[in-house]
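Multiple structures are listed underneath, in structure tokens.
Each of the two complexes below includes chain A, the first together with chain B, the second together with chain C.
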Partner chain A sequence: MGRYIVKRLLTAIVAFFGITIITYILASLMPGTPLDMLVQPGSGLSAEEIAEIEHRMGLDQPLIVQYFYWLGNMLQGNFGTSYSQYRPVWDLLMDRIGPTLLLSISSLVIALLIAVPLGTIAGYKAYSGWDYGSTIIAFIGRGAPTFFVALLLIYVFSIQLGWLPASGMYDAGSTGSFTQLVAHMALPCATMVLANIGVFTRQMRNSAVECLSEDYIRTARAKGMSEKTVLFKHMLRNALQPVVTSAGLALPSLVGGSIVIEQIFAWPGMGTLMLRSIQGRDYPTIMGITVLISVVVLVGNVLLDILYRLLDPRIGDKA
Partner chain B sequence: MSEKQTVLEVKNLTVSFYTKAGKLTAVNGINFDLHAGETLAIVGESGCGKSVTSMAIMRLLDEKTSEIAPTSSVKLKGEELTKLSNKEMSKIRGNAISMVFQDSLTSLNPTLTIMSQMVEPFMRHQGMKRKEAEKQAVEMLRKVGIPNPEVRAKQYPHELSGGMRQRVIIAMALSCKPAVLICDEPTTALDVTIQAQVLRMVNDLKKDLDTAVIFITHDMGVVAEMADRVMVMYGGNSVEKGSCYDLFTNPLHPYTKGLLASIPKINDNSRLFTIKGTVPSLKDMLCGADGQE
Partner chain C sequence: MKQSKTIVKDAYLRDTIERFTRHKMAVVGLVVLVLEIVLLFLLPVLLGSKPNEITPYFSAAPSAEFPLGTDTTGRDLLARLLYGGQTSLGIGLLAVLVQAIIGIPLGIIAGYYRGTAEVVIMRLADIFNSIPNMCLNLVLVTVFSPSFWTIVMVIGITGWPSFTRLLYSSVLSIREKEYVEAARAIGTKNSTIMIQYILPNALSPALVAFTFGVPSAILSESALSFLGLGIQIPQSTWGNMLNAAQSLAVVATQPWMWIPPGLCILITLISINLFGDGLRDALDPKTKVG
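== the complex of A and B ==
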């Protein structure tokens, strides 16, 4: 187990450097430069002054030099200063990561808490009313575009009923209480949950159906185990694996936030920051977000591998 | 043998499946008795209803897709099994009657240690605490000839060989000293030397616990080795019943004769004998057909 974890970590470090190189190149390939955003046409700056700014920002250096300059700083914890907001990137990230994680983790947990039992029942009672009912919910959740669901929820609960606020994290000008936070979170969270339960429920259902036809389930029944034991001890552990995989695949969006949902609900998270920094060709911020997401994803994948190992002892003995 | 107590009485056992082609009868009015300490072999080719018979006795068939006819009766020590609720039946399964399946690789849960699967019958049927059940489980593993049972118990099924896994399954099935043990082709997936070991072990344990055994197989060699009595099945019907000796020396039914003639002989260079035709599909079977010309 120890060797397994070390090996996974080493692979993750190699992958991390690969990711930073590729993103750096891709970011610089985007049309337009930060100078276009900073120096508006008609600003009255002379060509020399513009060249001076370019030099000070290091933009006149070859790409590879810029990359290593950035990498050296980053490894010392200096992510640079945002071109568009003139604040250290690290501070921007720390401001945004909290709200994003709050929203995405709570909606993932709620989605799993709904989808796993629902899928299990649907699989256990395959081709029953439960099964068809959960299929319909899953298809609606998966099929309806998030922006549509979001707007629909805002229309019903904020505009028509007036129960819930439609945007932001707290009421404007207030210091913000927990109940306010929950009220503001309800709609974006519901949108995300609905989008997620579709996949999770279907996966759990199919996985449960498959597991229940396995020989070891028959053995458990032949031993006289109660249906509860058969389901929770013998089936669930095996059936959870595909769901763990897709929950793991959701990791990047956990940290990166959902651009669409955060934008619609004006949620001050990573998604909106990402969108704004791409629009502003704000390389340091884009790179900062990318680094943060990739670190979380890579660490998450290592954790996921360990979780797999715990769920299924056959995995990774020789890996 | 006849002075021994009758432990299992199967009368007119009829099992049907609901399919798209209609209601099909897979087992058609099977009758047999089983005495304590006796081994009954059920033989026949694939699809003749051997396994369905045993699954029906255990009540392990899916009730949504199958039906045990209301006229059927399965009595275990006088208690009628076919009318029990699933909950009541689960207290009997693995306790008074248990079953060993064919494929040892897939019959154990891959994600649980041998120990956590072995303790289950003790805890469920004998109300033992985990500690006590663990002791019993190790004892049982030792009885089926697993070396180092304390170490093996902590391992997962994939770390054991096929023969060892099958021993574990047999140990699990016998842990509550059942009156009846059903073995559904328990040695088919094993190689011949391991097969012989497992068969000998089942025989020894059977004598030890005075358990009655139903042995399902299509291997006539295994039948000769294990069985006191034999029931030959064809197309869901029992076509011949008799003592093992009678059946081998004087088969009466043409199908039994064919089955025996199909055993390859070592000093005979002629072509292998085959029974003509295939087992008819259930939906082609006429009502009351029993393989007789």
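== the complex of A and C ==
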């Protein structure tokens, strides 16, 4: 296990460098240079003064030197200064990552808490009304664009019924309480849960069907164990593994999808910051968000891979 | 010899079609899809729709003249829905084609040569996979200003790893088959083996990946356009029609502006997914139809 973790961490580090290289290349392709942002036309600076600024910022160095300069700074927590908000990007990211993680992780957990029992029942009673019902839910969940679901939820629950707020994290102008947070989180969270629940339920159902036909289940039943023990002790642990895998695969789209959802619900997370930075061509912030979001996904995948190993010790050290 | 080959091919095709038609929901998906495409291309001609014509009726509710109402600048929403559907479907198909053109060769090369090629290509796929597609799409549209073809390329560039992974894993088993070994033994060139022996046998998974790629490409395009960073007005897509609903007032009082394009995306994605499920089961005789 220890050896596996070390190996998995090494591949994650390689991936991290890959991510930074891709981000850097893309940022350097973006129209306009950082200099254009700092030196406005008509600033009255002489050519020498501009060259001096360029030199101080390292912009006269070759691209590869600039990359290592940026990487080195970033590893020390210095992501540069936001062009549009004149604050360190790191501070902006730290303000925003909490709300994004809160929304994504609670949605993932809630989706799994609903999908696992639902899928297990559907698999246990395969080809019953339950099964077909969950299939239909799964199909709609897979086909529904999150932003459309979000708009429908706002239309029904905020506008028609007036039950839940449609934007922000707390009521405007208030210090914010836990109840307010839950109320504000309900709709964005429901959107994300609906987007993911279908795939998880389907996966759980299929793997439950498969597990129930295994020999060890027949053996357990033949030994006269109660159906409850068979289901919860023998089947569930094995049937959960593919669901863990698909939760890992869903992670990038979950975090990516949260960008759109945050925008609709004016959730003060990384997604809204990303879109605002894109509109303001705030490159240091765009780069910082891309790297940080990717690192969150990377760490999430490493943790899920390790969890997968813990669930099934039979897998060798081959991967 | 040639005749026997066609007989085998016909039999395979017939079996595949038979397995597909046993999947009732998949047939429903296909019928809805065909009907939708026919309507999207036929109706604008029959109705003489003008999607960009600005009429004096701003934000008009559905009426006999404008069955789906008009938008905030007075354009006919039915016309925009029909032309928007053509654009959305077109981008979906072309973007997945780009993904396939990048992803399939890389997957075959990684699976066939293994070694360094495998490590480099599969690591690159991992890296692309850990940057959320939406995030990469947003950065790319900032670099290349959005238009029909740049959106196609952007979604194509971000989505290739799914093809590569799938092709890679099926090539790993194909390369161990006797016919590949035989071809190698008689000194066939690697490129010939890959194109003539491996590619045809990896086509089924590629076709399935293609089918499932289209809905996610349509989803990416509509998300970008919804955010105002995709296809730009006056050209319409289902996504940028939904952009009007960024304002809560529109969501609340003018549902005709955002419900029809949303429903169109929903119906399209569900039918393609249903069709894809049927296709996957039909192409793989090992899975049971259920």
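The rule is simple: the second predicted complex is superposed on the first by the 276 of 319 C-alpha atoms of A that agree within 3 Å, B and C clash if a C-alpha of one lies under 4 Å from a C-alpha of the other, contacts with A are read in each partner's own complex, and residues count from 1 in each chain.
By our rule, a contact is a pair of C-beta atoms (placed from the backbone, for glycine too) under 8 Å apart; a residue touches a chain by one contact, two chains touch by 3 or more.
Not measured: the values here are computed from a predicted model.
Bringing the complexes onto one copy of chain A puts chain B beside chain C with no clash.
Touching more residues of chain A than its counterpart among chain B and chain C is C. By the touch criterion defined above, A:H234 lies against chain B but remains apart from chain C after alignment on the C-alpha atoms of chain A. Applying the stated contact rule after C-alpha superposition, one finds that A:I140 touches chain C and leaves chain B untouched. By the touch criterion defined above, A:L311 lies against chain B but remains apart from chain C after alignment on the C-alpha atoms of chain A. Contacts of A:M274 after superposition on the shared chain: chain C is touched, whereas chain B is not. Between the C-alpha centres of chain B and chain C, as viewed from that of chain A, the superposed structures give an angle of 80°, to the nearest 10. By the touch criterion defined above, A:M74 lies against neither chain B nor chain C after alignment on the C-alpha atoms of chain A. Per the superposed model, the minimal spacing between any CA atom of chain B and any CA atom of chain C is 13 Å. Across the two superposed structures, the residue set of chain A contacted by chain B and also by chain C is empty. Against chain C, the residues of chain A that register as touching in their complex are 11, 14-15, 18-19, 22-23, 26-27, 29-31, 127, 139-140, 142-148, 151-152, 154-155, 159, 166-167, 252-253, 255-257, 259-260, 263-264, 274-275, 278, 281, 286, 289-290, 293-294, 297-298, 301. Residues of chain B touching chain A in their complex: 58, 60, 86-87, 90-95, 98-99, 101, 103, 106-112, 120-121, 124-125, 156, 158, 169, 172-173. Chain A makes touch with chain B in their complex at residues 214-216, 218-227, 229, 233-234, 237-238, 311-314.
Contacts from chain C toward chain A in the complex involve residues 123-124, 126-136, 138-140, 142-143, 215, 219, 222-223, 226-227, 229, 242, 245-246, 248, 251-252, 255, 258, 262, 265-267, 269-270, 273-274, 290.
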